Structures are given as structure tokens and as C-alpha cells.
Amino acid sequence: MLLEVSTLAAGYLGQTVVQGVNLEVSPGEVVAIIGSNGAGKTTLMRAIAGLLRPMAGRVSLAGRDMTRWPAHRVAGAGVAYVPAERHLFPAMTVKTNLVLGAYPHRPQREALELVFEIFPALKPRLQQRAGTLSGGQQQMVAVGRALVAQPRLLMLDEPSTGLAPKLAKDAFEALGSLKGRGMTLLVAEQQVPLALSVADRGYVLENGRITLEGTPHELDRNPEVRRAYLGVA
Amino acid sequence: MKAVILDGIILGLGFGLLGVGMTLVYGLGGVLNLAYGEFAVLAAIVVAQAISGGMPTVLAAVLGILAAATAGVLLDLSLMRPVYRQSTGHRVLLGLMLTLGLAFVIEGVLTWRDPLGGLTISIGGKPISILGVPIAVGSVWAALITLAVGVVLLVFFAATTFGRGVRSVIQDELGARLVGISPSLVRTVIFGLSGALAGLVAVTQSMTSPLTVSGGFNLTVYALIVSVVGGLGSVAGAFLAGILLGIVDDVSARYIGSYISDIVLLGAAALTILVRPRGLFGS
Amino acid sequence: MTGGRLPARLGNLVPVARGRAFLPILAAGVLVLVVPQVWFADSEYTTSLAVQALAFAGYAVGFNLIFGTTNQLFLCVGALAGIGAYGTGILSNHASLPIWVGIVAGTIVAAAVGGLMSWVAVRRSLGVIFTGVLTLAFSFAFQDLLFGQQHLTGGSTGQTLTAAAASLADNQIGGYYLFGAVVIGFLIIFRLLQISHFGWAFRALRDDELAAELAGVNVARYRICAAVIGSAMIGLTGGLYAYSEGFISPPTFAFDQVDVTVLVLVAFGGLGTLLGPLIAAVVFAFVDNALVNSGQLRELIYGAIIVVIFLGFRRGVPQTLGAIVRRFIPHDKVGTRWRLPLSVRQRERS
């Protein structure tokens, strides 16, 4: 198991938002976390990434406990997290943003090549300041920056945020091609059909608890999921 | 006129270096270190004591700079810890107050132990002619050292991995954490660098005019002015602002009156805050 | 008054019956009146210490109104006081006007300058840092001006107020009662503001500025009002100080003399509290007296006090001590007799 989360609880200022979460991701797998607004997807991701200190439970990477590690250590261990707000370095060029992804090392050539292969639109903009890019381009830089680190696990929070339907579809196609290269992905997404289109497995998060787990096929057929997330009466 | 401007540039290089130490610490989390100038005075006293104890000047200067750097690191490891645990809004005030208190503690200790203390490093020799303007040897040395350190700093922040890491924390702390940078480690290093810069300014300044125990807070105010005019958080901005203000200071001192020049500098800072809060050279 | 009608939620925040609101001030007033009779009226030295303490209490109440209630970091208390003092000195020495004209003019100019700075800060929405740097720059520029304009100010030698009241300078007890009355007056104004519209707005503003604005509080107006009134208090105190001392010089109004002390007082007494600054001024009169022979150690100790207060007693020392006491005394015994000042209780609730 690459990522193993057991009975995790996390929240803000003593208030629990997610609790009792058990979740696993094996190497090479694409796992989706779906749930409505405020279900706790972001909170769960932040707790795994070390941005939020878990209140209880355990997070481990390839068997190594990393429950209370600070975010920079989690990142150093090979977990790259792309938050929905992206958090690029706005006054730096696209190139510097990408290069910083490999911190503290120099970026590997293959890693950069992979980024340009998946996001060819970035290549002509290497010298542009990240803050001046469009939302969709910023999303590409954010994912690209994470890829440059050659992570063992790539976590994405709502990669479709702020993207037009066509672009959101493109983004998930890009994720699909990453999957084809053996990348392990954990994706939180509200747009369930998109999420299920690339996922090997999915978890449904409701009010901070995991209520369902299964393959896209199983989830797709589940009447609860159909009513709540797929807009099917 | 040429002489005034050249003098102004030499003065301004020192201002710039002073501003860099202030601006970096501010950029890394919103703390204006009001004890900054006291670090310079601390270094000056250490150097003066070491020299009077028979140590060679260069060695004494290194010792003084190290002392100020240590003070910076200690400040970060002690008083700054609770500050950085606060949310941004409360951070600002707590940082101002704690460093202000520390400034008074350091100044109190230094004036208590050594009330007449101060540092003058005199470098003999005939004035050197630059562009036809005779300039004291001490000033030339001070300007060269400052220029060299300035270039090193600019290269460091533009082209090294750690330097880029520092800038990334300034621009987006959370983003920096996500790529594996530890903001608290960066802060500790930069507090040390900031102390070292204060110490270096103490050394270079004392080559042209004496630096006394009571001069600390004035240095802090100069550093504040320079970093505000240059844009808080910007290294290159601090240098440019320093040189600009140095020229303005020298010109107004020469042609209007010496007490006016300080008022002009303070006015420049106030005007910058009002017209371009992000600084003349900020983005 | 059109500050926008305050919503009911804010209106509910006024808990103390209006009459009772002035009890602490009455008590302080009686103390100020009685203490010299039983204690120090015969010693000129102690009396002058008491005058000094009250003058600083005056500065601190003004600063507390500006910073403690509306969060504007004015690092120019010394300069505003200097405006009052030098206004008084210059008008009476150079224009031979009656001394009270100088005091009134100095107060008005200080109020105008404070108001102008607040207006600028509000208009440009400067945060705490930029307001602090702006006012600090003003402080230092004002000092330079005092040294530079020798023909008006006397430069570093200072100036003697030829028209100052001999009775006040010789017999300090008159000065004591004058400053006592002024400080009590300031406290009454402070309290009146607290229980009026302003008080609601101030508290809302301190708790959460954005929420206050959304609730219809005209943040800008309250800020500027507080700055004008507080600066007038500081300027008036400075003018009266010049009048009672009969001599002024730049160091009396320097940043490290006035502003640092005032910060210590307000931090020690509790930001935004009514009596905090006065209590702190009295406590520090004793501290200062004890330190009078330790020269530079005074500076060190003041610095250490600032650090300790901001690390451990952010609500003010009396409040923190009170909270500790209450933890050890069963609640029902404390009852209502141990009520804390209005604003502190408000803050505890949030």
C-alpha cells in the first residue's frame, strides 16, 4: 500500500470536520474522493499533506508513519499536493515555478519533458510571470510544479475549479495520460462524472465520514450516488 | 554637483544594504524588526572591544558580524516563535512590540556596560580620485565592500536554489511548504543574514564616520525608510531605494540645510506609503 | 448622528447601567483628590513625580482612545504632545498672546494633525504597519524640526515659557490638581464615548473590522473621530505640561521618552480599558522612582517589561491578575462585586 490513512480525524480550532476516515491508495492507482460542498474533502487532503495537524488517526506512506510531519517534510517524502487555490509564486516566471518544484534539487530533465508533453501550452510561456497567466494555465503550472518533484503520490484538490467545462475535461484527460504513465493519483472532485472517468476506485465523503467505497462502475450504479451526485432522479 | 552625487551614491549603497536586512525579514512573515539597528550597534561594540583588545581589524570585523548574526538567529529562535504562531493580523503588532522591547533591552545593556562606546575604523592614505572627485580612502573601501556584498546577494537570491526558496516563501508561504521548503528554517537563516548585514553596515559605516551606542534606533529608522520606499520584501528594490535616497539626502543636505535632509528622507517614506504602498520598485 | 443605525445585535452589547458606568471614574477622582492630603503634599519631589505620572496618564488615555479602541497605531504621541507644548511656548513667547490661547491653539493643531493622519490612513486603507511607519516618520521629522527651527523653538537648548504660571511651577500641588482634573475629564470623555454609539462601533471594529463594516458601521468616520479626540487630549496635555513646567526642550517629546513609555503604560494597563492607563501611570511612577538611580538600567527594564507584557499579559496586567484571582476564589463569592471594566468583559465574551 502506498498511502494508508486509518481512523483519521481532523478539523479546525478543536472542531472536528472529518473523522474515522479509512482510505488506501496502492501504487499506480487513481483514487477519487467525491462529496458535496463542505463534506470535508479539502480538510482531509490538507491533513494528509501535513498542512493540518490530524487530531487522531494515522497517515503512512509506504508503511512509514508520517502523521505529524510538517507539510514540507511530507512533500520531501514524495507526496505532492496541488490545492484548489494553486498557491503559485506569482512574481516568478513559469520556469522558476517549475524549477522550484524540485526543491532542494535541480529538476530532472525527464520530469520537465513530461510536463511539456502533458501541457504543451506551457512551453511558449516559460518566461511569463505566473501571476499573469489565465486560470487554466495556472492550473497547468501548479500540476506541472508538482510533477517536477517526481512524486510517488500526486494529490489534487478539485482540478476542475474555475475551468470551463471543455478545459475541465482536458484537465482530466491530462490526468488520464498521467495514469497511463503509472502515476499514483488521489483526486478530490465535486464533478463526479469527471472524477469517475479516470478513477480506479472512489470514496464518497459525506459530513466528514466515508459512507461508500467502490469502483466507478459500482458507484455509478449506486442509487444514492446517482441521486445525490449525478443529478439522476 | 558631481561630487555630491558620487557621495550620495556611496552613502546610498550603505542605506541599501541596511534596507535589505529589514526588508527580507518583513517579507518572510510580516515582522518589522525594530531591534535591527541595535544589532548593528552590538556588532560595532564587539568590533571596538576586540580591536582595543589587540585583535587585527579584519578579524575583529568578522567577529562583530558573527555576533550580530548570532543575535539575529537567537531572536528568531526565541521571541519570534510565538509571533509566527499568530495569524497574520496579530503577528504584525506582536512583532513590532517584541522587537521594540528588545531594542530597548539591547540599547540599555550596551549603554549600561559601555556608555561612551562606539566604533571608528580609520583607514589612512591620500584621498583617491574617482571621476575627478577626491574621495576618502575609507569611503572607497566601504563602497567597494558594500557593492561586492550587494552583487553577491542579488546573485544569491536570483540564481541559487536556496535564494529562490527564500523568495518563494515571501511570495506564497503555503506554496513554498508544498514544494518542500521549511519556512521556519528559511526564517532562521534570514534572521541570521539580516543580523550579519546589520553588522556589516556597522563596520562599513564606521570607516567613514563614528557609530555610537545611541545610534541604533536611527539606523532602524533609516532601514525602515529604505525598505518601505523600495517595496517591503524586495532586495533589488531596497538597493535602488537606498541609492536614490542617498543621493536625495546628500543633495538636500548640501543645498538646503543639513537638518532638512532627514526630514526629506522621512517625507519620502511617507509619500511612498501614500502614493505607492508597494514601494517605488515593487510590482 | 448618522453612522447608520446600529443593528440590534450590536445594541445588545451595552450591559452596564449608565449611572454605574461612571463609578470607577468617581472612585479615581476621589483618590486623586484625597491622596495628596494624606501623603505627599508637603514634598515637592513627590508632587512633581505625581504631576509627571498624571501627564503620562493623559497621554496614555489619548493614545488608548486612538489605538486601544480603533486599532490605529499612532507612534507619534510625543510629537502630538510637542505640538501642544511648542504651540503654547511659541505663541506666548513670540506672539505675546495669553497662555491659554497658546494651549487652545496647540490642542487644535494637534487634533488637526492627528485627524489628518487618520484621514490619510483611512483613505489609503493603511494597515497597522504602514500607519505605524507613517506616524513614526512624522515623530522623527518633528524632532528634526524642533532642532532645526532654532529661532522659534530654541533648538537643543529648549525654551523657557516667560509667561508660565509662577504659582504652578513653584508650588507643584496646583499643577497636580490641574492634571488630576484633566485626566478625570479625559476618562469621562472616554467613558461617554464607550457607552454611546461610538462604543458599540469601537467594539465591533476591534473584534472584526470587516464584520463591523458589513453591519453598517462607518469605520472610517469612527476612526477619524477617535484620532481627532485622542490627539486633542495628547496636545492639551502637552500644552498644559509646558505651562506647568515653564520649560520645554526636544527630548521631553522624543519618541523614546514619550511613545515608549505610553506604549508600556497602555500595554500594562490593558489595551482599550478605561482605568488601565491611569493605574499603569501610578504603578510606573513608583517603578520609575525606584529606578531613578539606575540610569541606563531604566531603559533595559522598560524594554524587558514591554517584552514580558506582550508575551504573557496581552489583556493587561490588572486584568490577567484579576482573572488569576478569580480562578482561585469560588465563583458565587466573587459575584457581581468583582465586575471587570466594560470593554474587558466584552472581549472575554468573544
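For clarity, chains are labelled A, B and C in written order, and residue numbers in each chain start from 1.
As a working rule, a contact is a pair of C-beta atoms (placed from the backbone, for glycine too) under 8 Å apart; a residue touches a chain by one contact, two chains touch by 3 or more.
Quick caveat: nothing in here was measured; it's all calculated off a predicted structure.
Chain contacts in this assembly form an open path, with each chain touching only its neighbours along a single line.
The pair of chains sharing the greatest count of C-beta contacts is B-C. Chain geometry summary: the mean Cα position of chain B and that of chain C are 33 Å apart. Between the CA-based centres of chain A and chain C the separation comes to 54 Å, rounded to the whole angstrom.
Our note on geometry: chain A versus chain B, Cα centroid distance of 42 Å, whole angstroms.
Listed for chain B are no residues, as none touches two or more other chains.
Per the touch definition, chain C reaches chain B in the complex via residues 73, 120, 124, 126-130, 132-134, 136-138, 140-141, 144-145, 147-148, 255-256, 260, 263, 267, 295-307, 310-311. Those residues of chain A lying in contact with chain B across their complex are 49, 51, 70-73, 75-76, 80-83, 86-92, 96, 99-101, 103-106, 145-146, 149. Interface of chain B with chain A (complex): residues 161-162, 164-165, 167-168, 171-172, 174-183, 283.
Within the complex formed with chain C, the residues of chain B that make contact are 30, 32, 79, 82, 92-94, 96-98, 100-109, 111-112, 115, 217, 221, 224-225, 228, 257, 259-260, 262-263, 266-267, 269-270, 273-274, 277.
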